[in-house]
Structure formats: structure tokens, C-alpha cells
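Scroll down for the structure; my scribbles are underneath it.
Should a chain be cited, it is by its letter among A, B, C, D and E, assigned in written order, with residues numbered from 1 in that chain.
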Amino acid sequence: DGHEGERGRDGNVSIIYWQAPSILNPFLSGGTKDVESASMIIEPLARYNEKGELVPWLVEEIPTVDNGGVSEDLTQITWKITPGIKWSDGTDFTSADVKFTAEYCMDPEGGCGQVTKFEGVTNVETPDATTVVVTFDKPTPNPYGPFVGGESPIIQAAQFADCTGARAPECTEENFNPIGTGPFKVVEFKPNDVITMEANENFRHEGKPAFASVTFKGGGDATAAGRAVMETGEFDYAWNLQLAPDVIAQMEQGGKGTPVAGFGPLVERIMLNQTNPDPALGPDERSVIRPHPFLGEPAVYKAMSMAIDRPLLVEVGYGQAGKVTCNWVPAPEAFNSTSMTCDTQDIAGANALLDEAGFTDTDGDGIREVNGVPMKILYQTSTNAVRQDFQALIKQWWSEIGIEAELRNLSASVFFGGDPGSPDTFQKFYADVEMYANTFNGTDPQSYLANGLCDKAPSPASQWQGENISRFCMEEYDALHAELTQTAGLEARAEIGKKLNDMYVQNGGMIPLVHRGRLSAHANSLGGVILNVWDSELWNVADWYRIGE
Amino acid sequence: MPDGPAPVQEPVLDVQGLQTVFKTRGGEVHAVNDVTFHVKPGELLGVVGESGSGKSVTMMSLIGLLPSPPADVRGGTVMFEGNDLLKTDTETLRKVRGGRIGFVFQDPMTSLNPVFNVGFQIMEPLRKHMGMSKSAARARAIELLELVGIPDAARRLKDYPHQFSGGMRQRVMIAIALACDPKVLIADEPTTALDVTIQAQILELVKDLREKLGMAIIWITHDLGVIAGIADRVMVMYGGQVVEQAPVRELFGNPQHPYTRALLETIPTVRGARPDKLNVIQGQPPILGAVPTACPFRDRCAFRFDRCDRENPKRLPAGPDHDAACFYDFQTGGPRGA
Amino acid sequence: MALDEQKQPLVRVENLKMHFPIFGGLMRRRVGEVKAVDGISFDVFEGETLGLVGESGCGKSTVGRSVLRLYEVTDGTVTIGGRDIAHAPPEELRQMRTQMQMIFQDPQASLNPRMTVGDIIAEPLLEHRKMSSRELDDAVGGLMDRVGLNRNFAKRYPHEFSGGQRQRIGIARALALSPKFIVCDEPIAALDVSIQAQVVNLLEELQETMGLTYLFISHDLSMVRHIADRVAVMYLGRIVEIAPRDDLYDRPLHPYTQALLSAVPEPDPSRESTTERVILTGDVPSPSNPPQGCNFCTRCPQVIDICRQIEPEFQEVTPGRFAACHLLDQKPESAAKAPSEAT
Amino acid sequence: MFTFTIRRLILAVPTLLFISLVIFMLLQLAPGDPMAQVPLTVPPAVKEQMRQALGLGEPIHVQYLKWLRQFFWIEPLNLMDIWFGTTFAEGELRVISWQTRSPVMDIVAQRIPQTLWVVGVAYLVGILIALPIGIISAYKQYSWFDNAGTLVTMIGFSVPPFFSGVLVIVIFSVGLGWFPSIYDTTLVVDDWASLKKQINQMFLPVMVLALQITSQISRFMRASMLDNLNQDYVRTARAKGIRERGVVLVHVLRNSMIPVVTVIALGIPSIFGGAIITEQVFKVNGIGQLLITAIQANDLPMVQTLTFIFAVLIVLFNLIADVLYGVLDPRIRYD
Amino acid sequence: MTDVTHAESARNQWWDVWDQFKTHTGAMVGLVVFVFIVLGVYIGPLIWTASPTDIPPVVEMIKTRDARPIYTALWDSGARVSWANPLGTDNLARDNLARLMYGGRVSIAVGLTAMILSILIGTLVGVLAGYFKKLDRPLMIATDLFLALPLLPLILVASLLFREPLSAAFGVEGGIFVLIVVLIGVTSWMQTARIVRGDVLGLKEREFVLAARSIGTPNRRMVTRHILPNVLSPIMVSATLGIATAIITESALSFLGFGFPPDFPTWGRLLNDSVDRMVSYPERVVWPGTLISLTVLAVNYMGDGLRDALDPRIRGR
């Protein structure tokens, strides 16, 4: 792009996220809003670019077996930090900070939200100020979990020294104002409202960032965010505009901004609860004990999937930003399984399947019964016009196969809030089925596929943390996944990955619906935006600049 | 004080053929019909009549106090200081109100503004009409309160109406009406809401003031006793019309309209003979739906003719400065003028 | 005592007190009381009309209501027909209500605007008599005839009637249970002069035909003179004088009575100018804070020192005439004469 | 008057305590054990500390007392610390939001300015528009002005702000580009330019809110004026020869304002309460938005605190309204 | 008595009220509009039988979705309109007219029942407090308390708390209906109670109540015969205002996500859901918005008229 000049030359850039960040320490929150807002301030050692490739960030190069950065037995990775990097307070960025970050997150009392990133890590060592050696407990073909990607940035040891373990949540000042190496630093953080940032004068790249300050506004709804960028031009960047295609098209006519879409592994899916969410069970047993009264039945979940007209969903909800998919992992291409097709709706087939399996409507009310209990399900999702349309459509189709759905929609900030206190989070899953989209950072789905492991199921014991939302549990799956963790070589890994994908979907873990592109919008005057679906969207905010003038 | 033949004097207020109509949902109400009267300087004109006979409406029509709509003053002239009050511009009329003609209303409890102190309310017309300074107005207000017999006037200026008794509020009302030395004072049943002992105080006060200030007074009441005590001349109203008009002694001694007669007969007294049975005016007052084409009193009248049904009697002379709107002549015992 | 021998007292009121509490201060405690009625006694004889006069706020209505126990009296007894009203238990009281009725001042306010005239008159019958609806209709019709209302109007509403007619409705309601005793609380005050006479005549006529006993409350001294047999004069919660009508009007004993009578305007200009008036100064004191000694001492033209200290006793001055004034104690023989000179 | 005020103040204390109890109990009713609502990422030791502070496990009245202590003792002390640099509240556990892990009061303090700017100004504007409308409507009852006023106020009353808000955004922000659609809470007003900007960004939310407020208050004003226009003292004032303007604006207005002023005073707490929907639509992120997000995130300490602050304000302004009533109306000088 | 006189004099008070009401143009227009709307939403679905929630099969859906109202053909000949959907369809091809009618059913039902509940509570409290001295203080303190409780937060909290138990007891929609109605009812009776109490206190001093007491009418009949009919007009006025408030409150709750489930149309939700497409499909906001406003307006004007009609002073004229 060749936009050069001194740091801060382009004044202010304003970003709107319709979910407001409530904390700037991604280790204490799992929310994308918090992770992405923090990614402008604190950075990982390496991250993924828009193509899903790993790129060095605070290091010289990506360690691999070839360049000797990864040990032959796949149990050790050595990061070489670029010398001369400074924290925004002017102190040196050293390997000690990296080590501290690992300790901070791995502290059992700290309640770290990204603890999965550090899975298998036994030891972090710092032979010198620029070298970090991470040792895993077993061969790890994909050792790029810790310190890679927006979810695992490095925090400053000096700042957080007193905030480890139990004291982590108490450090309001630190959590609201972390010192980082990123292009910006916090001026003021108003939780759930707005973050004001200014350029980090100690940023390692000359002449970057182009903007002197950032206004990061949170709250509201996707429509308003899209409108503010594309129609009124008040904001420069709006995140994740999950809006119907006709609404986006209408906004685009405003002429002030452009929507950008990118396809990552993001899949809109329906998760099927493998546990019993009956409220009568009480908060500690609910969605913990297995099995679900009927969702575990192959005939049931297969029929539910067959009843869905995915092309129609794509057309109604996403248009260009969506594709039909039957897979959990639709990207990267190598991992996209082709064993299943689900392009056509088959209500009759679904009905036949259910009849055959003996789930019939015994009392003539149009709803099938299982052991005398009608097949009624609670179908929840976040509040969002497209999702509500999906809900209405799918409810209709399911009713045609004799399954009644009760719809419920929850504010996105609650649903994805990750607050273990709320009964309405997607993790608690106090419903029979729930619909949302999920994705993973990077191009390797290993840890993403780990979301299907038995021991990843959220429960009171795990403090409702864990990504196995549908509480899927299958020995074979666990075994195959273990094999994946041992396997190197892309082809072999892709083979296993596809198998895992098929296993999960075919055994009723989820009903994939739409392979979604991430759709964000930026102002026409904002240059340098490269939509990255594999990492934080704001990954290259240091390169953004103002066009024209 | 009633006295002998009055010297020929120009009336201060001369009302001719006044006509006032209310437009209501149920149709028009002809509250005042062709009312003609006058007052001379220093004279006290008493107005009596039963409730709804149009006394208040007549007086309020004079100075444009009736809300319009629904009221509509249809006709007549009201000559005051060379102007026809019904035709002048609002600014002149406004100056006349409160400045040249004072008004005292029936209910002293509600006629004063509850949220302003009495001083403000007395001083208001003084400052508006006479352009007095604040201190001059204050001095005058104290003087006025003393004039109407409120002790400790200076201190009481700061009091609010609810801190006064009914009698005292009525005195305050009179003080307000007198503030700008009006030529005419119209008092609409100023003592009806008061007790007899208080009424006696007020009547005494008015007699006093009249001697001191020498203005013309129109005094509305339905208590003939009050009229007898203070009026020079009396006008009797019935059904929106003036039915009889005479000097006070003449009226009481020689009433020429059957309604006046009946009224005088019905009222019991505390002194003198006590009849066994009260005389009664049978029937109800008329409904004022249209301009009457017949005598409004005919349904209740003991001296009714055929003619009463056909024609509304005009006021005809019935003695010196005495006229009555009745076809029956009590002196001759036959039709008047026939 | 001539009257006493012929007639029995139907109503006997002894030392009746009605104090309304006043609340105030930081905790809304009872800080005082309005002594609306402060220890009065009188009898009403069968078939007579006792007039009760006085200025506004002196407690006339309160007396009337207390006598019928529409208020819970503070102290004293009220017996009607030998039965104690003031302390009767609720059910007994309900029975006794048939004996005594009330006619109210404001004919508009005393009729429920949402009930038909027929229903209003029928209400006492419904409460106390078991009647079929046909009987009820007839009874209501009869009552309406009796008070001179067209019985065809039974289905109309009060606002469709004139003031005098409304008062007749109130009277019909009071008569429904054929009571012996009726309290008339200023029944004519709200009516026009020409209508007043109609109502008063009706009341008199009913008294004759039905043998009713009235307590007739009014501040119109001339009407009371017309209708009452005996008259009680109240001032600030106390009765200052009770006397047979003619005695009272011709020779008032109490200075207040004298002033009151002289304040009544005379509807005769020839006599008016000759009348010498006693004009009272000042206002009635507040009943929550009555003056020490005689209640009237603050306005009395003939006040003497003792009046300001000692409360005069209410006593029989001449047979059948009661009054409470220190002047009468001092010169009992001339007391009856002195006022007549003032007239 | 003075004793009245004192008495009302004294009476307000038990009322407030009772209200706080009601709020406390209501939130305690929330499903499950309140400690189960504490994020489980909060480590056990901290949880134990919170448990101590809340008195959980103890009888409910002890819990309540502890809450009272936190709210009425520690928080004010903290405020003093901030103002005077003292250290009274050091080491005491403040009321901590479960969502942001920071003291509730700090966040509330952060939100109050923007709430006051927008909702407060809207209230003022609403009143300033409403009063003349009410006065003229009443004075010219059933005139075209009155009818039009009635129509507009009724529409203002009946159109939900989530519709009117978006409508004005579409018209004025998108269509005409006159005003921003998103409120900038970081704007610091320190010179004319920023003031202009502030006014500019306030315009739409203030307009939407003021429409609602105007609707209500002008109705009250009209009714009150109508009541008073028929009073006898108005006739007296006219008979005194006062100009119509004087009659209406001095005599009638003062009397009519008595009930309206109390209505206005009673509405003031709602300013602090924020206007939840309007704040959402324009992203004002004031108290209302704070409350709604707290409720959504089950942030009990935040909800408890906010609700109770509202209750205090409501009781306070009730009291002020009563006292005002007495001040304005000489007939009701309580004593 | 004869039948003739019966006929002549059998003038029911309600006829007078009606006569007076008829003279109030605004109120009459309001009544007509309200009746029209109510009939439309309750009888309408019997005539216009399209389903508000059913989505047609795929092919058809694609064809029929996002249809414009018939009348757009007047100025835009290219508009996709169809007599099968006179008001057009939404983006899932559901019939707008049917959705409006069903939405109206719920909104009006919520408005009416919440209003009735609030009036019942308000009147009961008001009458008891006004009539029985002993109950006055405690009841008024309770009323003040309710006034002092911040309502919207409480409604939100309560709907969070009781949603599930109620859903279990009354079914999903039933449960939420009960919840919303009860919440609105329980939090909006205070004004009525205050007004009624004030009126009752005044009435108690009126002489006709005294007259009834002197007759020996017991308290129960005193209240039903003399007190209640006379506080009817303020109650009626509160009632009409109450419907409006309830409809609006429901829509606000829907907006905040605490109302009915997303597929259950109410006017408030229809309006809210269509705000995104306000520019392309203005009819989808205009219709529900207009209907809410019209209903509220109509009800308010009716309230105005009723107040006049029930006031004997005005009616007497």
C-alpha cells in the first residue's frame, strides 16, 4: 500500500463492536469482544495471517522442526524473541514476561479463561532474555498453542506480578489497563462502554501506527454498527455484521463504507445437548447428567438434520457470505470432509426415519412421543435477526416432522458472555438445542476438534468452563483424537481430522448449517484493512491508515 | 340613606336593552333579556330576584367578565363615562374594570387567589391602573385595609387568604374593589355566604364607606331584609328581566308586580306578627330557553290574564320613579293602562 | 313548666361532648382537639320542634349528627324514646335507626347522583323491611305522593330535579321508615327564598299528620321563628340559651341572642331605619382554642371581668327558660327586662 | 414546615430500610444460591472472603445487615477517601461487580455524567416545551391548537422509543446527515467547539426522550390549568382589570403549577434511572444501559446497588415534592 | 302506575352517559376505531385464515417472501404484490396481515387483562384505604412503597426469576402471558389506588353517605351501592390509560428481550423486528406502529369522552 509517514499522522480511528468489552485481560474472559479489543494492546509471539498462515510477530521466525525450533520428538518449542521490543512503558520486553504469562494463566487459582491454550505445557524456560523454551508433556505435532494468536497474548510481568492466582480478578486497574507491546495503549477504559487508546510511542515499527488515537466503542446492535460505518460514516470499522443480506445491501448503498467478507472455519450450527437439561434437576445436575431423553437417538438427530433446507437458510440469512455445509470443520480445504451431503431437504425421509425408529405420534396432537413424553425441545440462540429467522424456519420444518420447538433468544452479551453466574450462557446449555457459530484460530483444527472430547464438557466441576458444549462423549472419538495429537504430516492429520469431523456430526454432536464468512465493514477512507478470520480481526491495526486527504 | 326626591342628576351608569345569551349543548339560554336600568352618583341600587333570575349575568355582562364562549352579549348599550362599554376596545374596558368599576363577588372563600398574599392582591390593581410605586401601593393598601376595618393592617398584608375568616376575606375583597376609587361598586351577593352577625358588620361598613366615598353602588342580593336596610332604589329581576323598579320605600310599601308582592309575603320575619302558615309562590322559575313571548311569571301568578299568555309585558310607569312589567294594576284592580 | 306536663321528652341529651382530635408535631401525635360540641344538654318533647340556631361553625351540625350517633360521641348520653343511643351496640343501633332520621342541608349532595329517585327512597325500606318489589314500588309511590312529587318520576335521577324537589326526595327518604324523630340539618339553607316556604310548609304539614318530632337546625332566625316551638341558641360548642319561641324572640336573655336577633335585617325600610342594632365586633374564636371563662367574652358588648375567668353555668332562669350568662346571676330580676329595652 | 420536613425525613428511613429489604429479598430469590452466581473463575479464597462479607451461610437477617454495612458504611467511607485522600475504607471489601470485577460505585460514577447530559437535558427540554403547550391548550380549550397538541402528545405517548429513535436516526443521521447516530461518551466538553459537538450528538436522543416527557407533562399542565381557569379568583383578577396575560400567567399559572411541580419533582428520579431503551438505541451507555447489561449478566451486586439507588432517589424526591407542595401552596404549610 | 309512564321514565343512567359520550366527537371516533381494531384482530383471523407463523414450502417461500403490500402497486408498477398477501409478506414469506392480527390479539389481550388486574387491585386498595380509617395508613404506606420501588428493573428481575416456573405451569406462551400481565398489573395500580382513595375520602364526607349511614346501611352495601358507583369515572379513566400503558410496556419488554418468545408475534415485536428493514419495507414498521398508536390514541380519546360522560355536572348540562 505504500502508505508511509510518521506515527500518529492520521489522527483518530473509530471502531465499533456491538458487543461491549467488559475487561481488557483476555485471560479473565473468553469473549471475542474482550480478546479482540485487547489484541490492539497486547500481542502474542506469533499469529495467523489472513490466509491462515502462521507469521512471526514478536519473534524472528516461526520455529519448526526444519529450522530446529521444534525438537525432533515434538515435545519442545523454542521461541526467539526479536531483540529491542519495548513495552509501552518503555521497559524491555523479555522472555521473563513470556514465562510469567504462562505461569499467570496456568495458576490453578487464577481462573484463566484461556487455559486450554497451555494444555500439555509442563515447563517454560528462559535460558536468556530473548529465548523461550516451552516443553510439553508429550509429543505435540502442533506446538503453536501457547503464545500464539489473539487469545494468548503476552502480559507484562512487572505489571501483573501482584495479580497472580487468587488476586487476579481483584486487580481492576491492571485488568482495565494492561501494558502491552501492541500499537496502542489504553488511555481510558470504561467497562461495557468505550475504550480510548493512543498510539504506543514505544511501538517497534517506525511510523506505525498511522493513527494517533483509537475510539473503541461498544454496545448496541449489529444494525446500528453497520449503519454507523456504511450509512452515516461516523465509524471506521464495524465488527461482525451478522445481518441479513438484503439489509447489508441496503446499507451499502449508503456509500460510506464497504463490507468485507472472509471465509474461515466459522460454522453456524445447532448443538444438540447430550445431557438432560430438565430444570427439575437443579443447577448442578442440569445439563450434566446423561443422556438426553431422546436427542441421543440417531433417528432423531438424523431426521432433524434432514428436515433442514440449508440452501434456503443460506439465501435468507447470508447470501454471499454463506455456503451450505454438512461439516463441523469446513476449512481449511484439506480438512473439509466430503463424505456427507445435506443439500436437499427431505421431510418425508425424515418422517419415515422417525416412524421406523418407533417414535410415533401416539396421541394425535402432531407431536411425536418418546415413552409417552412428547418431543418438545427448547431451542435457544442469541438475539439477532438472522438467527431469529433461522429459528422460525427450522421450528417450522421440525414441526413438520413432529418435533415441537420452543424458541428462546438471549442477548448476545449474555449468551456468549461466558459468565458462569448466568444460567443463560451457551456454555451452561440449559436448553435442548442451541444455535451459534464457532471457529478456531489458525489452520490446524486439533484443539478445535478437542472440543469433542469427553473431559472438555462444561460442568460445575470444571467451573462451567470447557468447549465441549454439546457434552459429546465417545471413546472412539477420544482415541482417534489422541492419535491426531501424535501424528505429524498434513495429509495424515487431515485424514484423521475429517474422520473426527464425520464421527462428531454423524453421532449427533451437532447439526452444521451454514459455513459462514465473517462479515465486517470498514469506511471507504480506511485503508490497510485485511480481514482475518483466523485471528483477531484487529490483528493488523498497526497498518491501518487514512486514505486520501 | 334614603331621602326625598332626588335632584336631577346624570346617571353614572346607564344600561339600555341589555341582552345576554349562553350557547350550551342543550341550546341557547337567554339569561338576560332586554334589561334597562341606571345608577346615579352616590346612589345605592339594590337588585333582588330569585336564584337564576339573571342578576349576576347582567352585572358581569356590563364589564365583559363573562367568558365568551359560551356567553354572548347580543345587544344593548352600557354607557359609562361617555363610552359604550359593550363596544369599546378591550384596553379601555380593562381600565374601567377595577379602575372605574369595582366588583365584589359572592363567595369570599374562593374569590381570592389562594397562593398570593393579600397585600399583593390589593396592590395589583393599584400598580396596574394608577401606576403607583411599590411603596405607595403598600401605603395605600394599608390605608384600604384599615378603611374596611381590618386591625393591624400593615402586618396582615403578608398573610394569605386562608389565614383570614370569611368576614375578613369579604372585607379584603371590598378593599380590592375600592382600591382605585371606583365610581361604581358592583357587589354580587357579598354577604350571602356570611353569618348574620358578620353580615351586619359588612352592611354597617358599606353604609359607612358610601358616606365617606360617595360612589354609586349596585348591590345584588336575594335577601329583601338587606335591601330594605341599605338601598335607595330597588330593581326586582325575574326570569332574566327587570320586572319592577322603585325607590325602596315605595317598593316595600306599594309593590306593583305580583312577584314582588308574593316575595314580600313569603318571607317570615323575626319581629312583628307571625303568620300561622307561610305564603308560598307555587311552581318553579321559568326555563330561559328562548326570548319570552309571554309573561315569564304567568304560571305562578295569581292575577293572570289571557293577555299574559300572549304578550310579554313592557315596563310601564306605576308611580313616581316607579315602573313595573305587569298588565295588572293593583291600584285599579284591573289591567294597567286600560 | 307548662309544656313539660303535657308532653314527655322524646329525646334527652345530657352533657353531650364531641371533640375531634387534632394531630400534629413530629410523630403525628394528638396535640389537641376541636371542641365542636362541648357539654350541652337539652330535651326535645314529643311532637314539638326544637330550633337550633347559631353562627356557622358553632357546632349545630355536629350536635345533630351526634344525636343520631353518626359520630361516636366523646362523652354524654343521648336517649331517644328511653333507649340510650350513644352507647348502643351496633345491631341494636341499626334497629333504632328506624326511629330517627335526618334531612340534610344540601339537597344535591345528600342524594347519590347514581341512584334513581325510586331507589334512593326505597333504600331504607330495603335495609329494614322485608318487602316484595311490588310492595316496595307502592310504598315508594306513596311516599312520593305524600311529599308532593309525581310518582312517575321514580325512575329519574336527582340531577333531573330542581332544588326544592330534591329536598322533597330527601324528606321522602327520611319518612320511609315512619320515624318519630327527625333531625333537619339546615334543610332550607340551600334553597331559594320562594322555594323555602314550600319546604317549610311541607315539614309542618307532615308534623301535624304524622306526629313527628323535629330538631330543626338553621341559621335563619326568621324561619326558625316560624317553625320552632322552642329555640336553642348555640355559640362555640355550647348552648347559651333555650327558651320557648316567643319568649326568646321577644325577650332574649343572653347578650349573644340579643346581638344575633338584632343583626337580622328587617325587610321593611320604614322599620329598618328605626331599629337600633347591636353590631358585634370580631370573629368567632376557634373551637380548638376557646377563650377562658365564658366563650362569648371576646365579643360580648356587656362583658364584665368575671366572664373572662369563670364559665357561666347553664341554668333555668325563669320556668322553661335556660341561659348561661353571668349577667343573669347578678341581676336576675331585671334580666328579663333589660334586653327588651334594647329591641 | 420544618417539623414536617424533619418528620418526613425520619419516616423516610424506615421506608428506605424496608425497600432495601424488599430489594434484597427479591434478589435473594434469584434461582439458586447467590454464591453459585459468583463467577467460578473467582478463586475459592476470594469467594470465601466475599462469602464472609455477604454473610452467606448465616441467617438471612445477618446477611442483610452485612449488605447494609457494605452499602451504607464502607462505600461512603470510600467516597471520603477519594475526596479527602483519607484511608478509612482501606482493606474493606467494597461492593464488587461480578461482571467487570471492579467496584460497582466506580462504574456508576462513570455513567452518571452521560445519563445526566442526555436524560436530564431531555427532561428540561421536555418541561420547557410542555408547559407552554399545556397552558395554551387549556386556555384555548378545543381550539385547533389544543386538538393538534392533544394529537401530538398522544402520539408521543404511544410511539415506543425503539421505533421513534430509529426513525429519527434514519431521517436525520442517515438521510440528512445532520446528527451522529452514535453517542460519543468520551467527548469532553471544554470549549465551544466541543460544546457544539456535544449538543449535536445529544440532539436526537434528547428529542426522542423529550417527546415522551412533553407528552406527559403537557397533559398534566393542561388538566391543571383547566381546573384553575374556572375558579372564582380568576374572575376576580379579571374584574380587577388585569390583562389576560397577567391573569393567566400570574394568577392561574401559579396555582396550576402546584400539582405540576410535584409531578415534575417525582419524575426526576427517572432521570437518574436513565431511559433504558433510548440509551440502547443511541448507544448512550448510561445508567439504564448499565442496569440492563447487569441484569443480563446476572451481576447481582450491580443490580442491587442500582435498584437501591433508584429507590433512595424516589423516596428523596417524594419528600422534596411534598415539601415543595407546602412551599408553593400557602394553604398547605404543614406543621 | 301504568306501562306508559314506565316507558316514559325508564331512562337508564347509562343511556345518559351514552348520549353524552356521543356528543364527544373525539371519543366517538376513538370508540369506532377501537371497536374496529378489536373486531379486526379477533374476528379478522376467522375471515383471513392465513397463518401468522407458518412458512410456506421452500420454492413457494422464495417466490412469495418480501412481497410488498397491494397498494404499493399504485405508484410502483414493478413492485411484487399479490392479492394473496394484501399487506405483503415478511422475509420468511409469512403473511403480514395475519401477523398483524395475531399480534394485535396478544397486544390487546395483554393491555386489557393487565389493565383489569391493575384496576382491580387499585380500586380494592383505594376503597379499603379510603373507607376504613384503620386500613388507611398501612395501605397508603404500601402504596408509597410500591411507588418507590424502581419498576422496570423489578419487572426485568422478576421476569428472569419466574419465567421458568410459570412456563411450567401455564405452558410457554401462557406462562409468559401470565407473567407479563401480572407484572404490568402489579406494578401499575398505585396511581389508581391513590386517586380512588382520594375520591372515597371525599365521598365519605358527602351527605348522601351520611344519609345512608343514618339509615343503617351496613358497610358492605355502603361500598357497593354508594361508594363504588361514584368512583367509577376516575376508575374508567385510569382504565383507559392503563390499556395504553400496558401495550407500550409489553412492547418495551419485547424489545429488551424479556417478552414473548421470538416467533410469537405482538405488535411491539413486529415493529421491533422490522426496524432493520425500515427503509426497504416501510410497511412493516408503519402498520404495527400505526396500530399501536391508533389503539392508544383511540383508548385515550375514549377515556376523555368517558370522563366527560361520567361527570354528572357535565352530563347534567
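The working rule: a residue touches a chain if its C-beta (ideal position, glycine included) is under 8 Å from a C-beta of that chain, and two chains touch if they have at least 3 such contacts.
From a predicted model like this one, the values you see are computed outputs, not experimental measurements.
Between the contact lists of subunit B and subunit E, the overlap consists of C, D. Between B-D and A-E, more contacting C-beta pairs join the chains of B-D.
In terms of the distance between Cα centroids, subunit B is separated most widely from A. For the pair subunit A and subunit E, the distance between mean C-alpha positions equals 45 Å. Annotation: 32 Å between the Cα-based centres of subunit B and subunit C. Separating the centre of subunit A from that of subunit D, both taken as means of CA atoms, is a distance of 39 Å. Here the CA centre of subunit C is 51 Å from the CA centre of subunit E. Under the contact definition stated at the top, not a single residue of subunit B touches 2 or more other chains. Among all residues of subunit D, those that touch two or more other chains are 31, 280, 298. Under the contact definition stated at the top, the residues of subunit A that touch 2 or more other chains are 410-411.
Here subunit A touches subunit E in the complex through residues 223, 243-244, 246-247, 250, 279, 309, 312, 315-316, 345, 383, 385, 388-389, 391-393, 395-396, 406-411, going by the rule given at the top. Within the complex formed with subunit A, the residues of subunit D that make contact are 31-32, 36-46, 98-103, 106-107, 110-111, 169, 173-174, 177, 180-182, 184-186, 280-281, 283, 285, 289-290, 293, 296-300.
Residues 53-55, 58, 61-62, 65-66, 91-92, 94, 164, 168, 172, 257, 261-263, 273, 275-277, 279-280 of subunit E are the ones that touch subunit A when the two sit in their complex. Note for the complex: subunit C touches subunit B at residues 55-56, 162, 164, 192-194, 196-198, 200-201, 204, 219, 221-223, 225-226, 249, 259-273, 277, 279-281, 283-284, 343.
Only residues 2, 50-51, 165-168, 195-201, 203-204, 222-229, 248-249, 252-253, 262-264, 266-272, 274-275, 277-282, 284-285 of subunit B touch subunit C when the two sit together in their complex.
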